[in-house]
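Same chain, two partners: chain A is paired with chain B first, then with chain C.
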Partner chain A sequence: MLDTTTIPLAVLMFPGGLFALAFGLALKGLDRRVAARLQGRIGPPLAQPFFDLVKLARKRTMVPDIAAEPVFLGAPLIGTVSMLLAAALVPIPGVYAPNPMLGDLLVLLYLLAVPAVVLMIAGSASGSPFGAIGFSREMALMLAYEGPLVLVVAAVALRTGSFSLSDIIAYQQTHGAFLFDPVMWPALLAFLAFYPANLGIVPFDIPEAETEVLEGPLLEYSGPALGLFKMMSALKAVVVLGLGVALFFPSAPDGAAGLLVHLAKLVVMMLVGVTLLRVSMGRMRIDQAFSFFLRWPLALSLLSLAIVAAA
Partner chain B sequence: MALIQKELKRMLAYSTLAQIGEIAAILGLGTSLATTASLLHVTNHAVMKTLLFFAAGAFILQSGRRHLKDLAGLGRVMPFTAGCYALATVAIMGLPPFSGFISKFLMITAAAAAGRIDVAALILVGSILAAFYYLRVVRILFFQPYEGPVVKEAPTSMLVAMALLASAIVFGGVAPTIQIDAASAVGNLVAARAGLPPVVVPDLLIVWPAAALIATLGAVAVWLFGKTSPAFATKLAIAVPAAAFVAVLLQPDRYDGLSFAFALLVSGVGTLNMAYATGYLAHHPHAQHRFYAAFALMMAGLMGMAGSHDFFNFFAFWELMSSWALYVALVHEETADARREAFKYFIFNTVGASFMFLGIAMFGTAADSFDFAAIARAAPAMTTVWAGSALVLVLVGMLMKAAMLPIRIDYQMHPATAPTPVSGYISAVLLKSGPYGVLKLMALFGGATLLDRLGLINGQSLIGNAIAIIGGVTLLYAGAMAVVQTGIKRLLIYSTVCQLGYITMALALGTTLGVAGGLMHFVNHMMLKDVLFLCAGAIMVTSHARTLDELGGLGRKMPITFGIFLFAGLSLAGIPPLNGFNSKWIIYVAAFESGHYVLGIFAMVASLFTLAAILKFAHAAFMGSPGAAAEHAHEAPATMLVPMLVLAAGSFAVGMMPGLLLVPIAAIQQELGMVPIAATWTGPLPGAGGWHPALLSILLLVLAGIGFLYLRLGRAGGAIIRSPIHLCGVQDIAMGQANIGAGNLYEAPDAAIRSLLHAKHDTGYSDDDTAADTTAPITIHAV
Partner chain C sequence: MTLLQTLTDSARNLAVRSPWIYRINAGSCNGCDVECATTALIPRYDVERLGCQYCGSPRHADIVLITGPLTAHIKDDVLRVFAEIPDPKVTVAVGVCPISGGIFRESYAVHAQVDQYLPVDVNVPGCPPRPQAIIEGVAQAIAIWRQRI
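On to the complex of A and B.
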C-alpha cells in the first residue's frame, strides 16, 4: 500500500533532506555574498552558512533557567523536521512528484505555517520578554500574510480545478505557465509580497529584528538548538520558493536538465525577491507591515480570485 | 402583571390569571383535542398551583415574610418545602419530566392541529415570560445566601400534603396515561355531542432508554446520598455515567448508528468529566452533590434524546438536557454573576426550545403522529409552506443550540461562570446536540421528501446552503473574537463556537465528504476542546485566576498539563499531522469540491485565528516570564489528570489512525442513506487526495526524537547549560514585571479585529457590584 522505500528517501535525501538542506544553505551563502557586494563589502565565503552550522553543532546549548525546557528544545526540532517533510511534498517539475500518501497542497500549506508557530513557541518558552515581543510580532505578521496566501492558492486551484500540485503543474504544462497569464498576475504579485514576509527578511524581518529585539525568539538560543533553527530557515527557503515555482512557472524539461532549470529558478527568485529587496529597503514597523498586507496583497489576491471565478 | 409583583402570593395569583387565559384560548379552539388538552391542563394546573400556594403559605407561615426579596435563601433552611416549590415551578413552566410538560405539549399540539399557529405561538411567548418570574423566585429561594433568624421546616401535616401533590406531578409526567384517558373521555363526550369524530390523542408517554433511566435515577440517588454520606455519593456520581455507558452498549438496537455513537460519546466523555469534577470540586465542597446530580441529568437528557424514535421524546429529553438541569449546574457558584449568566442562558435556551416546540407540533399534527419515520412518510403530502416553516422552526431551535449567528452571540454562549468541568462538557458535548439534530433532520427530510422542495441552488438544497453559510460566517466571526479575548474561559468558549461553525457548515454541505468531515471534527473537537477546558480548569484550581493576564510561566510547574494543552491546542488549530488538522482537511476539501470556495477560504483563515488564540493562551498561561501565580502553582491531582490524559491519548490515536473514526462514520453514512466514504481501519483519509497522517506523524516523531536525544544527551550528557535570560544588563526587575501579558500580545491584529467587529474589552470579571455596566452586551455588526 505505502511505498516505504522512497518516502524516507524523499524526506532524508532527495528532494528533501540533505539535498534541500545543502541547497538552502548555498542559497543563504549566495544571498549573503551578493548582498555584501551590493553594499560595497567583500562578504563572507559562499560556504559560510555550512561553517556556521558545523560550529554550532559542536557547541553546547544554553537553556534559560526560567524556560520550559522540553518545549524550548522541542520547538526547533519540530520546526526542522516539519520542513524536511514539507520539502518532500514540493514537486520538482519533470523530476519528482511526491507520493500522494504523504500529503497534498493543503497539507503543505499548513506545514509551511509550522516554522512560524515553533518560532513563536520558542520565543515564548524562553521566558525572555524579547522572545515574547518576537512572538507577538510573528503572529501579527502571520495573521496578515496568511490570508493572501490562502486566497492565492485558492485562485490557482480554482483556475486549474484541483488542489493537487501535480494537477496544477500538468495544467500549466498544457495551457502555459501562469507567469505569462495576465489573469493570474494579481495572484502572482500577492505571492511575491508573501514570500519575503514568510522568509522573514527585510523589510519584513520585524519579529527577529536584531537592532530592535535582539533576534527576538532566537535571542536565548545557542549551539545545536540554534543550528536547528538555521537549518529550518534554509529548508524553508527551498520549500517556499519551490512552491512558487510549482504554482506559477513549472515549465521545465525532464530529467537532470529539469533539475538544473528548477534550481536556476530558485536562485533567481532568491536574488531578486530576497537579496535585492533586503538591501534596498529599511525595516517596516509591525503595524505598517500589518496594514500593508491587509491592504495591497489582500486586495490583489481577492481581485485575483474574483477574476479567476469570472474568467 | 405577574412580572412586576413584589409579593409571592400576589405573583402567584396573577400568574394564575395568565394561565387561565391560556386554557381559555385553547378551549376556545373548539376541537375535541383542544377540549381534552385544556382539561388535562386544568387538572395538572390545579395540582401544581395548589402545591405552589401550599409551599408559599408554608414560607410565609414559618418566616413571616411575604415579599419576594425577603425570601432569599429560605430554600436552605426549609429544604423540603422549597424543594416542592421548585418542583412545582419546573412543572408549571412546562418542563419535563413532569405533568405540566405533558399537558402543555398537548395544548400546543391542539392549537397547531386546529391550524391556529398564532395561538400556539402566543402560549409559547407567554411561557417564556412566565419563566422570568417563576425562575426569579427559585433563584431567590435557593441560590442566594440566607440571612436572618432560624426558621423551622413547615409542620408535618403540611409536608405530607405537599409530598402528595409533588408525587402527583411526577406521576403525571412519567405515566400520564390514566389522566389522559380520563380527559379524553370527556373530550369524546363533547365531540359526540357536537357530532365530531372522537379524539385521537397522540402517544405522550416518555420512553426512557435504559441509559437515560440509569442516569436520572442515579442523579436522584447522588443528590439524596450527598446529604447523608458524601464520600459514597461522590463515588456514585462517577459510577452513574459509567453505568449509563454500559447500558448504551447493551442496548444497541434502541439506537440508530448515529445516535448510538452519540450516546456512547455522551456517556463516555461524561464519565471522564464527572471524574474530573470530583477532583475539581474536592477543595470546594459547597453543594457539590447537587451539581453532580444536575450534571448527570443533563447526560440523561442527551442520551434519552439519542435514544428517541419520535419527536415527542426527542423534545422531552431535549428540554430535560437544556433547561432546569443545566440551570442548576451553571448557577453552582451562586455568585451574582453566575446567577445572572445562568438565568440569561436559561431564557435563551427556552426561546430556542420554543421555536423547536412549535415546529414539532406542526409536523406532528400534519402527520397525525410524532414518529420520525411516520413524519418523513407523511412529509411529501404536506403543503410546502407548512412543512417548510415547521422544518425551519426546528432548525432554528437547533442552530441556536449550536450557537450560530445571527442571533447575538453573547446571549447564546454558555456562561463562563459555570464550574469548568461542566463548561467543558457543554462546549464539547452538549452543544453538539445542535449539529447532531441538524444532521438527523437532513437525513430524515433529505432529497425529494422535503428539502429539495424548498428550493435549490445549483442542484443543492437551499436550506443546506443557508445553514452552511451561517456556519461559515459564524466560524470566521467567532474565530476572530477568540483572538481578542483575555478571559481564560471566554477565549475557549469563542473558539468552541468557531469549531461548531466548522461542524455545522460541513454537515450542511450534505456531500459525502462534507458529512464525513463534519462528523470526524464532531468527535475530534469533542475530545480536544474538552481537554483544553480541563487544562484551563487545572489552571484555575491552582491559581484562582480568571483572566490570562494574571498568569504566566506555569509551564515549569505544571508540565503535564502544559504538554497536553499544547498538543490539543495545536491539533485544534489545525497543525498537521494532528487529528484536528485531519478532520479540518476533509472539511476544506469538501467545501472546495462542492464549489463553496468562499466557505473553504473562511474555514482556512479561521484556523489561523484559532492558532492565534491558542498560542496566546499558551503563552500567557504556561510560558513567558513566571508571574505571581506561578510561585504557588502545582500540578493537578490524578483525578483530574487521568481524564485529561485519556482524552489526549484518544486524540493521538485518532490522529495516527483516522480509520478509527472513519469506519464508523462510513457505516453511519450508509445507514443515513448516503454514499459512504471509502474507509478502512488502517487506511488513509478519504477523498481524491487522501493522504495518511500516520506517515507524517511517524517520520516527525522518529526524526525529532533522534534530534532530541542529541540535544539533550550529546557531548556525553553535558549538552545543556543553564543560564539566566538576557535582559540587556537590567538586574533589579522581577520576572513577573518583564512578562508580556495576553492583553498586550497582538496589538495590531487586536485593534483591527476590535474595530471591525466592534468588540469591547472584556476583562473576564463582569462582576457583582458593577453589574449594570458589564451586562451591556457585545454588539455585532459583522453580519
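On to the complex of A and C.
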C-alpha cells in the first residue's frame, strides 16, 4: 500500500513537476489571450508564458548591492520546490491519488502558504523600498485570506470526517459533490473569494501592483530567478484550482476521460474566476481588501462551519 | 556539438518572442511617451501579440525605449537606471530629442545627444513619431536583440 517508489515520479513528472508546470503555463497563456480578447485586443500566443521562461533563462541574474544574497537567491528556489511538492499532493479524481506518505490536506495548507511567505522574504531581502511595501501588503493580505481558507477546509473536513483528500473525494463520490449541496454553499463562496486573492490577480494583486509599487517583491529580480517566480505562480494556479476541484466538485469518470474532465474544470475556474474578474474590476486598496476578507469570506466560512457542525 | 547548437538556436528563437519593454523618460515633453503608451495600450496597435510587455522594473527589461533629450538634471539618474538593466539589452531612442536634442537643442539644460552617453541601437525619428514607427523600431530592436541573446 505505502509504496514510496512512485513519489519521485509524482513530484517530478506526472501530477506535479513537468505536467503541472506545462499545464500551469498553458493556463496563464490562456488567461492572457482571453483577457486580451475581452479588451478587444489580439493578445499574445498561447505559449507566451513559455517563451517568457526561455527568455528569462537566457538573461543574467543581477543581485542588488544591498540585498542579502543567499536569501535573495534562495527564496525563489524554495517557493518553486514547495509548489512542486504541493502539485504532487493534489489528487486528480479518478486518475491519481497522492501517496499518504507524502502528506494530506494539512501539509497542502502549509505548502500553500509558502509562496506568499517566500514573496515576503524576497521583498525584504532585496533591500528595495518597493519590496518592503510589497512585503507589508503581502502579509496583510495573507492574514486576511488565510483564515477563511483554513475554515473552509475545516468545514469540508468536518463534513467528511477526514483530512485526507482521497477520503474527501470518496465521500463526495458516494454522497454527491459539495457543489450541489446547499449546506456547503457558504464555504464554496468563501473559497471563490479566496482563490483570486491567493493567485494574486486584480482586484487582489495589491502586493505586486505594477502601477503602484512596480511589482513589489519582484522588482529587483531578473533572469532565471525571476523565471523561478513565474514557474512558482504557474504551479500555484494548478495547485489552488486543483484543490478547489477536490474540495467541491470531484465528480469525474476514471482514466483518461477523468484527466480531461479535471483539466476542463481547471480551465473553467481560471477563465471565470481569474480572467473575467481581472478584466472587469479595478484594484482594491489594501485596507479595502483586508476588511472585505475579514467581513464576507470569514463570515461565510464561519457560517458554513456552524451549519456543518449542526447538520 | 551540432545538437547543442540546434538547441541553443531554438532556445534563441523562442526567447526573442518575449521582448519586455521598459521606458525611460529622459526629460521628454511627454509627447513621445504618449505615443509609446498608445502603441501598447490601445487595442488597435496591441503589441502584446508580439509578446511585448511593458514592465515596471528596469531589471525585467530587454528593450529600452528612451525619450527626451537627456536633460542635465536627469542625466545621472538615467545612466544609473540604464546600468540596472540586465544584459543582453537593446536601446531604442524614440523621437528626435534623443537624436539631436530636437526643439531643446542648444538649451542650457541639455548637454549632448543621448548616444554620447549610452549605446543607442535604433533611432526612431519624429516629433513625436507615429505609433507605427515606434512599433517598427521595436521590431528592428528585436532583430538586433536576436544576435545578442
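Following the convention adopted for this analysis, the second predicted complex is superposed on the first by the 307 of 311 C-alpha atoms of A that agree within 3 Å, B and C clash if a C-alpha of one lies under 4 Å from a C-alpha of the other, contacts with A are read in each partner's own complex, and residues count from 1 in each chain.
Operating definition for what follows: a contact is a pair of C-beta atoms (placed from the backbone, for glycine too) under 8 Å apart; a residue touches a chain by one contact, two chains touch by 3 or more.
Predicted, not measured: the structure shown is a model, and the values here were computed from it.
Judged by the touch definition given at the top, the superposed model places A:40 against chain C, while chain B stays out of reach. When chain A is checked against chain B and against chain C, the one touching more of its residues turns out to be B. Once the two complexes are laid over each other on the shared chain, residue contacts for A:104 go to chain B alone; chain C is not touched. By the touch criterion defined above, A:52 reaches chain C but does not reach chain B.
Residues 60-62, 214, 219-220, 223 of chain A contact both chain B in one complex and chain C in the other. Across the interface of their complex, chain B is touched by residues 2, 7-8, 11, 60-71, 73-74, 77-78, 80-82, 84-85, 100-107, 109-111, 113-114, 117, 120-121, 124-130, 132-133, 135-136, 139-140, 142-144, 146-147, 150-151, 154, 157-158, 163-164, 214, 219-220, 223-225, 228, 286-287, 290-291, 294, 305, 309 of chain A. For chain A in complex with chain C, the touching residues are 32, 36, 39-45, 48, 50-52, 54-55, 57-62, 210-211, 214-215, 218-223, 226.
On chain B, the positions that touch chain A within their shared complex are 483, 553, 555-556, 559, 562-563, 566, 570, 574-577, 581, 585, 588-589, 592, 597, 600-601, 604-605, 607-609, 611-612, 615-616, 618-619, 622-626, 684, 688-692, 695-696, 699-700, 703-704, 707-708, 710-712, 714-715, 718-728, 735, 738-740, 744-749, 752. Contacts from chain C toward chain A in the complex involve residues 11-12, 14-20, 43, 46, 48-51, 55-57, 59-60, 62, 84, 86-88, 149.
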